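After the structure tokens below, expect a handful of questions from me.
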Amino acid sequence: MAGKTFAGNFFEDFRVGQVIHHATPRTVTSGDVALYTALYGTRFAVASSDELARAIGLPQAPVDDLLAFHVVFGKTVPDVSLNAVANLGYANGRFGVPVYPGDTLTTVSTVTGLKENSNGRTGVVYVNSVGTNQRGETVLDYTRWVMVNKRDASAPAPEPVVPDLPEAVHADALTLPDGLDLTGYDTRLAGSEFRWGDYEVGERIDHVDGMTIEEAEHQLATRLYQNTAKVHFDQHAANAGRFQRRLIYGGHIISLARALSFNGLANAFRVLAINAGSHANPTFAGDTIYAYSEVLDRIELPGRTDAGALRVRLVATKDHPAGDFPLKGEDGRYDPAVVLDLDLTLALPR
Amino acid sequence: MAGKTFAGNFFEDFRVGQVIHHATPRTVTSGDVALYTALYGTRFAVASSDELARAIGLPQAPVDDLLAFHVVFGKTVPDVSLNAVANLGYANGRFGVPVYPGDTLTTVSTVTGLKENSNGRTGVVYVNSVGTNQRGETVLDYTRWVMVNKRDASAPAPEPVVPDLPEAVHADALTLPDGLDLTGYDTRLAGSEFRWGDYEVGERIDHVDGMTIEEAEHQLATRLYQNTAKVHFDQHAANAGRFQRRLIYGGHIISLARALSFNGLANAFRVLAINAGSHANPTFAGDTIYAYSEVLDRIELPGRTDAGALRVRLVATKDHPAGDFPLKGEDGRYDPAVVLDLDLTLALPR
Amino acid sequence: MAGKTFAGNFFEDFRVGQVIHHATPRTVTSGDVALYTALYGTRFAVASSDELARAIGLPQAPVDDLLAFHVVFGKTVPDVSLNAVANLGYANGRFGVPVYPGDTLTTVSTVTGLKENSNGRTGVVYVNSVGTNQRGETVLDYTRWVMVNKRDASAPAPEPVVPDLPEAVHADALTLPDGLDLTGYDTRLAGSEFRWGDYEVGERIDHVDGMTIEEAEHQLATRLYQNTAKVHFDQHAANAGRFQRRLIYGGHIISLARALSFNGLANAFRVLAINAGSHANPTFAGDTIYAYSEVLDRIELPGRTDAGALRVRLVATKDHPAGDFPLKGEDGRYDPAVVLDLDLTLALPR
């Protein structure tokens, strides 16, 4: 009568090179797309309209890139972060083939780094996760690192290994969907006249709008992604915890910020890369989220005259309109109003 | 480095005759239908069952008419009503071809009237909006008028133009779907034995049931329709406003009232027209919505012996069961409990 | 001008042998599936992945069995339980052919028992309800009994009839989907190595995780099922009632408990039978639900070497982690923390 319940992995359970085949393959449908729209109000036209998607060479409207991200991410939670103290960062995230309704996603992860913390009670686990569709095509390949509890503080520390990760995904590693041809892209229907060449490095855009989060919303979202981290769902347990509140899944903030960024980046129709990301402060129900973007780089895409890429810092704030562009204080620490500092590479029509 | 964010149009930005091609075409799917059901609990059988729809000559269950309305309406918000003080009224709304899952809707509006208010700070904009599907067929054609802020109170007033609008859509302008044949309509499966001929002009029906609105619900709904009006979403900004609350999108109340009206009008399977409508009082999360209907007219549909139309006043109340049929006081002002006064024309089997 | 509103049936309106054709046939779609996932976070792999479903001989991922249950159940509410005081129990529930997106469900019920209570004001109605798809195939056949108000306490009591119901569905009455072949079942993708033979009678499993319920969530769920019982939706009326709260639909707790049971019963991919069930205590928004299972029986399925059945007691608690396995006190009454005591038969791969 062995214990049938899986309590998640602890720091000692991970080995560099270990490959984890995550459970619960997930067929993504137009139902998920509708819920995603209802949760964030996203308006990027290529993902909103089959007609517009076909006009640029796609078979139909692809699923929002971040919905694909959340589904791929969600699979990893039971194995990687059920005992996580914090989700520390993301790097080298590259989106592959688009996900369409009907595709089934699975995720396989490889442990690429381990580093015990000096307190001896926790350690950092680096995981490279690859989401694939039913044809084995990669839809997303990214690395994240999380702080994970040790089961036993007296367990010996492993040899520290920290993977070599790029500061940002290189232009050569950015991929656009096969068949994409933006000559048929309609900026009027997309909601903005501003194309790739209209943005300048250093330019900052206040996305203006704010969105207040309700408990039901973030719970619906996080369950939709089959992300099982209990801190998001269990108020009874939270009552005895540090915040006395359910924590909002960081990815929920990512999606809110991306949806808000439509107002200023309406033609950034595709996320090509997640270069880096930090959940600067926790968020809770009742928080109102705002966002701004800063253009970090303008990137030519090899062989493309119809599309270019912008590297953008997307920052989300809470209960603080983003027009004064808060980020970090003189001490180098995040402003208390900042909840997300995300480094994305986005595709736009030229 | 031009401003990339669109702040919406102000009163001075509109010209009579101006045509606005709204952004964000939207493919409506069975996912939207499921969410619509979850948001309102609607039970009209033709929209609930592919089998029943086929039995009356339709290819499959059409999308709820009001879901189509909200999607068509939502497109207009960024251009028409982002700076609106109030949504004043609707007129001459005619539903065209049904919307089916997979259809992609776009909206084009024409400014048909302008009238500055005597205070010089706001004006009324009349907009005729036409929603079409991917084949260019009209799914909805309606006029609404909104009070919009001026950017600059000193800007000169335009020549006042007020469009000529019918009190109600004429029977000749009401359309039923091609191929519809109600001889196969099953009143038992539809939930009521009462057909068109069973209703009398002047008859009032208390729809009995009540539905309490949660913040998460109206936010999910309003985002589903890609309606971006910030008063619905931003509690932080609302804290400094008139109500200290997020306002509920008026269309959410319309859909709630229509869903509640099933109990008494179960065979009113199709909205043919929105003749007029007024959001009599604002609504907020926590309000419980009730509804009643009054039959205003019984209309023969040209050339149809299987279907007839009822013109119905659909009234919604808050925190006040509708059995005493409140409407207006002796001063002609709406009863404080009344939140919606909507004039619809509905199709029923004969 | 007859009353058009249906106020539901009272105890006197039921006759043993009466057949009720319930209204509102319902086409179930992938949109419903997405919402179901968002509401409960269910992770059973066969219902999550078209690919995995095909690998075991099904045409695609079937709809969660309990979503089918709720839709079939929801149809019965306007006729059977609109005036119900309490939903007393379930028995002899057998799931038939799986439900797939696109199927249209209807429900027909037969009154199989009537027994007036000694107070003369209420009575118990036994109803056998059969849900069928568009091909007339049975998807679910179950009995429930509810306590229903009398319209008139002086109405004479009917001859008491109580149907003969099995304590549990017999193995011969359990059916697996046509074409199912579990030799291709992948336990790694399903999330657990534990097969049918790994469970022992008497074994108890704490499902560990907790889920706090929000008003918006249970309302969305209950409306999705077109369940119209007003106690779930009308806070204004509830303010004058016994609890001053909206009651959560008992089926919402069933689905939550089932989803939580994944952690410990991940391979229980199919509900074969609902043998019995009791909503031991009411639940309200804010309650955190936990669950545990006790294996009651291990059943060989006739003619199958690839699958077996477990009879399991699935117990849900509120605001009380389930690790101490509460059930009943010495007085035989349910522990106040217990909200659901459900007796299921589940299919697992051998």
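Letters A, B and C mark the chains as written, and numbering starts fresh at 1 in each.
The rule we apply is simple: a residue touches a chain if its C-beta (ideal position, glycine included) is under 8 Å from a C-beta of that chain, and two chains touch if they have at least 3 such contacts.
Worth saying up front: this structure is predicted, and the values here are computed from it rather than measured.
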Copies chain C and chain A - interface residue numbers shared by over half, same or different: different
Chain A on chain B, rotation in degrees - Cα superposition, rounded to nearest 5: 120
Between chain C and chain A, distance of the C-alpha-averaged centres to the nearest whole Å: 36
Shared-contact residues (touching 2 or more other chains) in chain A: 29-32, 34-35, 101, 214-217, 220
Complex contacts: residues of chain C adjacent to chain A: 29-35, 37-41, 43, 45, 48-52, 61, 101, 188-192, 194, 198-200, 203, 205-212, 214-217, 220, 263-266, 286, 288, 319-321
Chain C contact footprint on chain A (complex, rising order): 1-2, 4-7, 21, 23-27, 29-32, 34-35, 78, 101-102, 104, 106, 134, 214-217, 219-224, 226, 228, 230, 233-237, 246
